[in-house]
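These are the structures, in structure tokens.
You will see two complexes here that share chain A, one where it goes with chain B and one where it goes with chain C.
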Partner chain A sequence: MSLAPDSRARRALGSDHVAGWMFVAPAVVLIGVFGLVPIAWSAIMSFQANDLVSAPTWVGLANYQALAKDPAFMASVRHTLVYAALFVPLSVAGSLLVAWALNRKLRGVRFYRLAVFVPVVTSTVATGIIFLWLLDPVFGLVNYALSLVGLPEQGFLQDPNQALLCIVAMTVWGWLGFDVIIYLAALQGIPQELMEAAQIDGAGKWSSFLHVVLPFLRPATLFLVVWSTISALQLFDEIYVTTRGGPLGATTVIVFYLYQQAFQLFNAGYGAAIAYVLFLAILLITIIQLKVGGQRVYGKS
Partner chain B sequence: MRRLSIGIMGLMALVFMATALAACGGGSSSAGSPTPNASPTGVVNITMWHGDLDYAAKADNTLVAQWNKANPNIQVKALYNGSNDYALQKTLTAIAGGKPPDITYLFGSWMANIAKSPKVVLLNELMANDPSFDWNDFWPAERLAATVNGKIVGLPALVDNLAIVYNKKLFDKAGLSYPTAQWTWDDFRAAAKKLTIPAQKQFGWAYPADASEDTVWHWEAMLWNYGGDILTPDNKQAAFNATPGVQALSILGDMATIDHSIYIDTTNTKIQQTFNNGHIGMLVTGPWDLPGFPNVQFGVQVMPANHQTISGPDNWVILNNGADRVNASWAFLKWFTGAKQQMYYDLQTGALPIRQSQQQQPVFQTYLTKYPGTDLFVKNMSNAVKARPTIPQYSKISTFLGQAIVSVLLGKADAKTALDQAAQQTNAALAVPGP
Partner chain C sequence: MADVSFRDVTKEFPGATVAVDRLTLDIPDGEFMILVGPSGCGKTTALRLVAGLETATSGSIEIAGKNVTHLSPRDRDIAMVFQNYALYPHMTVYKNLAFGLRQRKTAKAEVDRRVTEVSAMLGLDELLARRPAQLSGGQRQRVAMGRALVREPKAFLLDEPLSNLDAKLRVQMRAELKRLHQQLNVTTIYVTHDQIEAMTLGDRLAVMSAGKLQQVGTPQDVYERPTNVFVAHFIGSPPMNLLQATVAEGRAQAGDLSVELPQVPEGPCIIGIRPDSLSLREPDDSRSALDFDIEVVEPLGGELLAHGSVNGHLASPDTREETPVLAADSESRAEITAKLDGRLRLKAGERVRLAVHPGEVYAFDAATGDALR
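Then we have the complex of A and B:
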């Protein structure tokens, strides 16, 4: 949401720009100290051998070179990409469906909207514990339900082949409500006249969704795709409270690997290098998404 | 997924700010904190960071108040550190910021890491110059865990060990006699098999399999029961993949994949509750778990075979804020870890005695009656004769072993292959020259 160049120039020339900076100073200081400074600091640390205890030594690019050859890091990148490739489309498409269903004049629709949003405001720790028990191979309700209908019981979080999928399911459930709210707001911004005009032109439900509703939702979709991708690449809490990266490393995603390196094995310099690679990757992916998506959003309208 | 990562960023920010503050802190004395050394009145003020809450914190405060009343020249302030899990990070941050506490509580597994800091006061000399102090009154495992390359880094603060805790009702139902001190691991396996009833979702044993140190130290006790060792005596090579290690991991793997008598908790979050609900026949665990079993009539027995167990002692570490404060901290800690004071603490909290002589304290019997099951854990302290190696590479070795143990538990590898691979990784990590 950048200001147009001319209005920015006017502001800067105006006598009140000092007052303006005074007003935002507390926020600027906070963001600076807790946002920008750590970013700069971790850049410095990523060129050091740093165990947080003894004096750090400069190692140049050694941390980054080691990263390129670290099979465990590559595995964590793979897990993160698989996770993001599943989480982003599932949560965006899923939330569109739910928002579409909730954007009607139903009896008790407020209750349904609330129900969809509750997981978002539930603490991750609580969500994690609920899923741990639901998906328990021995005592879990899900396996009980499977056995009732004669299906084989599953290992879920205990099975290296299924654990990441369970995390996808858990996080989609947990964050769907947020996406739904965004889509609901966008849906309610669609002018009723447009829908009526489409109906008069003979468009059915499906084709008016495709040609009227979807184009209108593009800005919201772009925002959600960018936002969900960033969240997916930074996945940590759900892993920390459930699988702790296991079983056998099957759910060790990038940020969890960073945490293990920096705070369990005391390779803080190496951890900072991981953080920086991730930071640059997110920056790059976001720029590409905004470029591609932005053309679609603004080019046609 | 956002909140905790923000926590990590915040932590980094704190480390930075502390460093920055130290750089510009120079001569200005900050308000609120006392001057570094003795003030003009001759009173030395020292700060102690601990991780105790509730009744444990109350016990600490009572003891500190007692000391402060009797020693007007050394005034101690006990502060809650937020959580022991983050005590190392916070202590390091405070050291970087130039205003560390005088005494801080740290897990035993961190000793090799903290020992690298020049701020840490080594206790060898203080002990040697103090004939009233009896280091050998502490349990052998505590002394081993507080010593890094011959340097004594901390004074024991808390100690525990592992033993078999079993559900008497499930043993009675299965017609089994309770575990005895004569048991071998084969007896343990046979009992676990008989206690396993799939239809009732009942298991003989439960094993934490999140590949963390919790996974590893349970197995290390088994390794010692089979007569094995983690590393060679010079700490240069892996020893855990020799015959005893292969035997210890094989029996674990066989119980999991052939007998199916182990409830495998790969998330390490559900074992306590499952045992308390009567689904598990036996656990290998420590005294801290006992208050979590109100629904179970449990018994406690020493580990099978040679009874060797593993102990996880935590320590008080003194940080150097000048000679006066170091001496004051030593005087206070010596008193605080004394038998009488510790017996008071244990009576309030149920913690195990950190000193052997505490057993001669008059309230020791009251303590045993108040906390059923503890008597065996106290006796079991003498079975903790070995300790995990106090070397900085141990946390790495632990991750290699964790993966090996879990892969065998899940039937993905056999014991020999898994241990050989972990040994290869361990030897590579040990070959890197340390600072």
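Then we have the complex of A and C:
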């Protein structure tokens, strides 16, 4: 009597290997269908003239060549860079300041920490609408407050010179809590003895901050700079909810221009090319940031 | 270099914990003073008060005759070595050593000269470009020492600096610390709970318990003439055996041990016998003797530790505990330890007769714990 084939099959089915794949299958399927397939598909689309309805035709590098000569695309790149150049330093430095203030024993500190984090978990649509109301040139609370102190009324989101700045303010406010949590955790990881050693070595408050705290926070700072840069370059939701790229295209950032091209003008191939250019740009910038910042991140003693 | 003084210093923490209770202590210039005591006795708080990391609730602290009670650490000109070294992880050894000098705006050439000098003294010259993470425990310890030395401060404060090292390194660094102190002769305050460090390193010891100073003196002094039962029990390893006794007609009786103690007043008292004062009774021994049932034998080579029991009651070194009532008639047993000749072949379960010279028996007041002679 031979049990070999049966037991071998059972062993194969019951092995860790099969069980492992069963456990990860749902995630693998989801990532495949909504992640990997679109990535590959949009790569193909970027070499096509594709309006999402009729049959696509191959155009080679024509989409990419057109991008290089498209003044509207160049304007969107400029808006995105201005936005990122303001958003990244403001949110990183601002969150460090807030985290520093919250990293002490004061009455009700848990409430303040909660208050700082609430905007992060509030939906972008809600915060966008609140800002629309606050910044409304005619009925808004902010202009009312300005009028009380005798300052002229502002156009805010309806003024092409101010709209992008308002988006910066809104997003810094909305995402600050996330950065603050990261910095708070890092600050709490600084050993008390290290600060005391610096005190005894004669370092004042500012000097300890500069020579002990900041270097210690370097890994957290690097992470936040990379992360904020990526999110800044991919800005979309807040624009979609508030200005829709206006006024006069002043807030048309790269991803919003992509959206207009692909889903409003049905130049999906052109949109896919924008997506790939943005992807490569983000990859390059991130590599540079990690190279520059990473050299100076050290392990703890 | 300077003397350091505590004048009636009290430190209370919120929640009414008195960490240091009316401490008065003078540490003359160049002395190696050890603050020793069990954990929670206030020794580290006392050190941090000198450093300026804590502020006294009352009383004052003087360094070089100057009242520094309310000065910040940077204005006290002291250096401290922390238990976990607290090296700056992102700085090289050189920068770690130089940081304190740089903060004090020392000229670059002078910083260089001092760092070179100290790193040569501690054998760190090869390691100056490394970061703390790339160093062994012993090397980090040296850098921490170097960071203190390079400043040439008025006083060194060391908070259990050897407790994170393995046993072999600890012995080595202990000797090195002693050598450094003999060479530099800077006032040093050293906190430890390790009594071997306390005995071997200190010019003098200050024994603390529950925030209060118990005794100050040279190691020999404290060992030979403890002022109270706490100090007697804390200093010495293994600790002194403490037994409840009753004194009548110049003799103390504890179980079947009877010792002549003419100066001790009649009534209950605590007698103390160091494990090394006990030895096997010789045939024509005139010393006081007691029966000892061996339970565990620990051979140490030249000596052996015998743990076992004798007739009688143990006494507690903590006089804050309720004084127990003597039950003279009960057949109670007391666990004691004897340090005997290592060549003896003793076995668990054996009964031997131990003897002690009356001159080596300590007596303490049963209520206050104070030494009675």
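Throughout what follows, the second predicted complex is superposed on the first by the 269 of 301 C-alpha atoms of A that agree within 3 Å, B and C clash if a C-alpha of one lies under 4 Å from a C-alpha of the other, contacts with A are read in each partner's own complex, and residues count from 1 in each chain.
Operating definition for what follows: contacts are C-beta pairs under 8 Å (C-beta built on N, C-alpha and C of every residue); 3 or more make two chains touch, one makes a residue touch a chain.
All of these numbers come straight from a predicted model, not from anything done at the bench.
Peer 1: Hey, is it chain B or chain C that touches more of chain A?
Peer 2: Looking at chain A, the partner in contact with more of its residues is B.
Peer 1: Per the contact definition in the header, classify A:W206: touching chain B only (first), chain C only (second), both, or neither.
Peer 2: Neither partner.
Peer 1: Mind working out whether A:P38 is in touch with chain B, chain C, both or neither, as first, second, both or neither?
Peer 2: After superposition on chain A, A:P38 lies in contact with chain B alone.
Peer 1: Determine, under the contact definition given at the top, whether A:E193 touches first (chain B), second (chain C), both, or neither.
Peer 2: Touch partner of A:E193: chain C, not chain B.
Peer 1: Contacts for A:R218 in the overlay, against chain B (first) and chain C (second): which applies, first, second, both or neither?
Peer 2: second
Peer 1: How about chain C: which of its residues touch chain A in the complex?
Peer 2: 51-53, 72-74, 78-80, 82-91, 99-100, 103-104, 131-133, 140, 147, 151
Peer 1: Which of the residues in chain B come into contact with chain A in the complex?
Peer 2: It is residues 1-5, 8-10, 12-13, 15-17, 89, 92, 113-114, 116-117, 201, 203, 209-212, 263-264, 266-270, 274, 279, 392, 395-396, 399, 403, 406-407, 410, 412, 435 of chain B that touch chain A.
Peer 1: Of all residues in chain A, which touch chain B in the complex?
Peer 2: For chain A paired with chain B, touching residues are 33-35, 37-38, 41-42, 51-54, 124, 129, 132-133, 136, 138-139, 157-158, 160, 171, 231, 234-238, 240, 242-249, 255, 259-260, 262-266.
Peer 1: Contact residues on chain A for chain C in the complex?
Peer 2: Residue list for chain A touching chain C: 191, 193-194, 196-204, 207, 211-212, 215-216, 218, 296, 298-301.
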